[in-house]
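In the two complexes below, chain A is the common chain; its partner is chain B in one and chain C in the other.
Entry: the complex of A and B
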């Protein structure tokens, strides 16, 4: 068996491309290299197993959707919703990603070197040992962690010291945590979200994740550690308890 | 879900339609094969001073004489021809595309500051509301529009868009959701020199339509995007707003953002929102609009549809997907996502 398996995706539709990936995994490949990827959606969707897929080019939307176990390393930018409802495994993006990154993610880790678009981490969730983690090196656009139900989003604000995030951060959040280096302006917090500074112990808790992020992209840890971090969490155990029903 | 793309060369160097055909086809996942189309600016150099009035005829013997009679009341038809088409295996030719190169008589609209444009606008609305079986789908100067029900490559090959050159191209791959796909519902939508491609839906269509119809525009295409072309014509050509201000009227900042602005800015934005409340567009959208000298892309205020842009040399590319831009221009510099509601503008420089 050949390892790594190399697939030239030029001009290929995603269906035969995903078939080729599955065949390689089934035959025991642990490393797959995709060249000339250009907008093919749904790469590695629902894929299981111990395999690392290196993606050269621009993968289309929903990369790694429902994926459970594999690692995807993207050398380029991603379109919308990488890690959509991902179950386990990792997505490492050497560039930017579009809107709804980690949409409904339920486990595993996503590392984005630069910036992401709107609604990153929308409706992330967690259950027992499943706790999804999204780490963004740069900034995120509005509605980060919208309707978030669990998991962790960490925004590092690379090159700026403090990320730039517009309105609606954690809008509708009822579980999980958004950690933002340097914090954000109060008016940019969404409905039902509240912000407070991370304690030393809490910072110690996220430090291994920051080191992991730095390791993926060959960055300097001094730029990220020894700084203030803030967390955005639900303002109460049930912030929307009286929105749709009332209790007597 | 639809796919949109636009490119403008700011020195007016012209490109043929090969690149945009490939780019739009890359986004086939965004369409359903029920509508695709292209617009090319600078396509008719031999007739650059004439309005290129494009019509879908259901038949020629009954409707074409009625259209010619109407046009002749308001000006001179310099030349007309069937738009050349080439049979495609899976695209049914249900209409006969025709184009007239027309010179309106400006003396017939004495009270207008843009009499020729107003004659043509009047004719477009008149034909589309009173002559069954004839639909004017484009009416700009030196602007060609190619659209039909089909996939992007089929529509491109049906008209052989590689035979045309333009310094600004737009393309649209349609996935109709609220109304059936038909030739007149394919994008781009055009009126005079305005062309629009749009992904999403304008949920404020009812309000916008009532507003725009009070200024003499008539909606006849059974789909929401039509109002965008008319709104730009009203706000920019007739009311004299800049492109930037027009975008801010259609996709304005939220009131709480306006409240936090410095005083002068706050007053301007309050005035815009109050004056153009009925022009404000709600719902998810990403839109590219062009006229003869510029192209602008923008999204709804909470960014419910994708839009990115990139630059290479003298060219600005705006599209739903980075991959589409890279298909057309592999060496494009950085790809950037504009902020929600913020216009990205490429302009022709003399």
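Entry: the complex of A and C
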């Protein structure tokens, strides 16, 4: 198999497109280039392997759903829920992404250069060595990290120095951490979430991730480092434990 | 002390003349009812939950149990349960959690439906002599078959959708590892494999010791997405999207951190001791179009090789919802009636939300037929199927197959005490405590479940034979073989059955 494999996705339904991708991976391709992608859903759905897929155009919903290993680089914007229940691998988006980015993601990394929609990182969870990471260059809409059970969301507020996130941040969060450059107003935190400033050591801990983000998009590190960062974490690992009484 | 203590729910007494002080009751009761003091068994009835473990283990029949030994002033409206719920909530200010299925005294439609049998004019069939066809296929059926000739051979041109082949129209519903023990899941898995049917994993992932039975497992994807990855999806014989559950329609589920032990944590892929929260909606489903996207997402991930089911709770508009599901590309719709069991549910939901499975199935089947899409989905009924007669009746009302849950647990010893949410099940079923789990021996319990499935299948074929029917296909939706006995006209219209005598 000659690398890279080029597939012209123009007018193609997602099933034959995914079949072509699977066939390329099965025959040993490690680089695939998709041209003229326009709204095809489920690209790389359930795909395994060590392969990099460059996507030119706008992929439809659920890019990299259940994906376990590959890297998808999107040269454009992304529809909703990229990285839905993703297991391992990376999604790098040179643009914006829609709602429910990284929904129930359990491993791997997602980098979004610009902004994301509502409910980003909803119900991300971690287990042992699997720790999902979602890095957003710009801002996010409401309910970021809702029901979050593990992993890390990092919001960098590019261009503004401080991201704009509306209400319900970390609503029902019971694990993991949302790190926000410059912090947010307390009233925008969801039920069960608390915010505190990141220590120097903690900032040092996330710095490699910031550098990785910068590296993907060719940005200037000076814009992001040497700033204050805040973390939103659960006020309790058992947010619903006191809601119930036994029937006696 | 404003309210004071409420009367005993159960009273345990020991017949000391019979008792031989073997101590089995002390050993067996995880709730701490019994203790031995000065060569005598003493009891604390206050903590009893009526699980009957002590009674079942006592070699001398020395233990007896009385329910509500202390009377309240009787009142038809202000029942003891109502009063005690108020005391409980006045003390705590919390939502009351309960277990098992609906405990409200609603009339049971199944018990007001009678089956038909042949006499003289159309002879009954003897299942001992004639073959009875109970094999059931779950999945889409083509509306038309196209063939072409190729070198003189007739070749099927229509692409068939994947179907599950069941040797009996009875499957075991989704009870997760976490809600029930691994030994319980093991027992169920062995039984379905022997019988040639299927069981659900629930939203708890698939433990590696069950990989042996994966071709008999329907893997569930629910709103928490616990234990879901591509391996899990590929292992299952079918995938079920759980939207709702009959015991608690409209709300999610919480597996309390206490039940998330090392093994459960590994299967669900979450840290030990953390609450496993399945939110009320799927975060990516807010419409039928979104559901279609998840159905297709799952099919695409598994290369269109597996049937995808969608399970909803039976609610007022189930029929219209099921029609939407049929158009979403799903292969089967599971309707879970309001009597469906659960490990834990807020009592107000368990007892008051949802509709009976009999009415839901009849209306779903009617709606799908009216719209000409009945072949697009199989219909699976669950929630309160107690015996083979219920299976026959619900199939006659339009179901393709059933899921049983509680009945399968009862076959393993469950006494329906409804205390599953405590995690102390003395029968080793709804618990993760190793010493309690060890009480359930899968070698034996699987035979019990297998026996039950076998016996119901036999009864079903006898019932069919008596009605002159030799194939389950001919029973399906065959409402003429049902009559309503003391059902009101409104319900009979919904069920589309005539009254007895008509």
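Keep this in mind: the second predicted complex is superposed on the first by the 243 of 248 C-alpha atoms of A that agree within 3 Å, B and C clash if a C-alpha of one lies under 4 Å from a C-alpha of the other, contacts with A are read in each partner's own complex, and residues count from 1 in each chain.
FYI, a contact is a pair of C-beta atoms (placed from the backbone, for glycine too) under 8 Å apart; a residue touches a chain by one contact, two chains touch by 3 or more.
From a predicted model like this one, the values you see are computed outputs, not experimental measurements.
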item: Chain B versus chain C as contact partner of A:171, first or second or both or neither; value: neither
item: Which of chain B and chain C A:90 touches, first, second, both or neither; value: neither
item: Partner touching more residues of chain A, whether chain B or chain C; value: C
item: Partner chain(s) touched by A:71 [first = chain B, second = chain C, both, neither]; value: neither
item: A:139 touches, of chain B and chain C: first, second, both or neither?; value: neither
item: Which superposed partner A:41 touches (first chain B, second chain C, both, neither); value: both
item: Partner chain in contact with A:187 - chain B first, chain C second, else both or neither; value: first
item: Intersection of the chain A residues that touch chain B with those that touch chain C; value: 41, 80, 119
item: Interface residues, chain A side, partner chain C - complex; value: 14-15, 18-19, 22, 41-42, 45-46, 48, 61-62, 65-68, 80-81, 84-85, 87, 100, 103-104, 106, 119, 122-123, 125-127, 130, 146-147, 149-150, 172, 174-175, 237-248
item: Complex contact set, residues of chain A against chain B; value: 38-39, 41, 58, 60, 77, 79-80, 96, 98-99, 117-119, 141-143, 166-168, 187
item: Complex contact set, residues of chain B against chain A; value: 26-27, 29, 254, 256-257, 260, 302-303, 306, 308, 321-324, 326-327, 335, 337, 339-340
item: Contact footprint of chain A on chain C as seen in their complex; value: 6, 9, 84-85, 88-89, 91-92, 94-99, 224-225, 228-230, 233-234, 254, 256-257, 265-266, 269-271, 273-275, 277, 279, 283-284, 293, 296-297, 300-304, 346-347, 418, 421-422
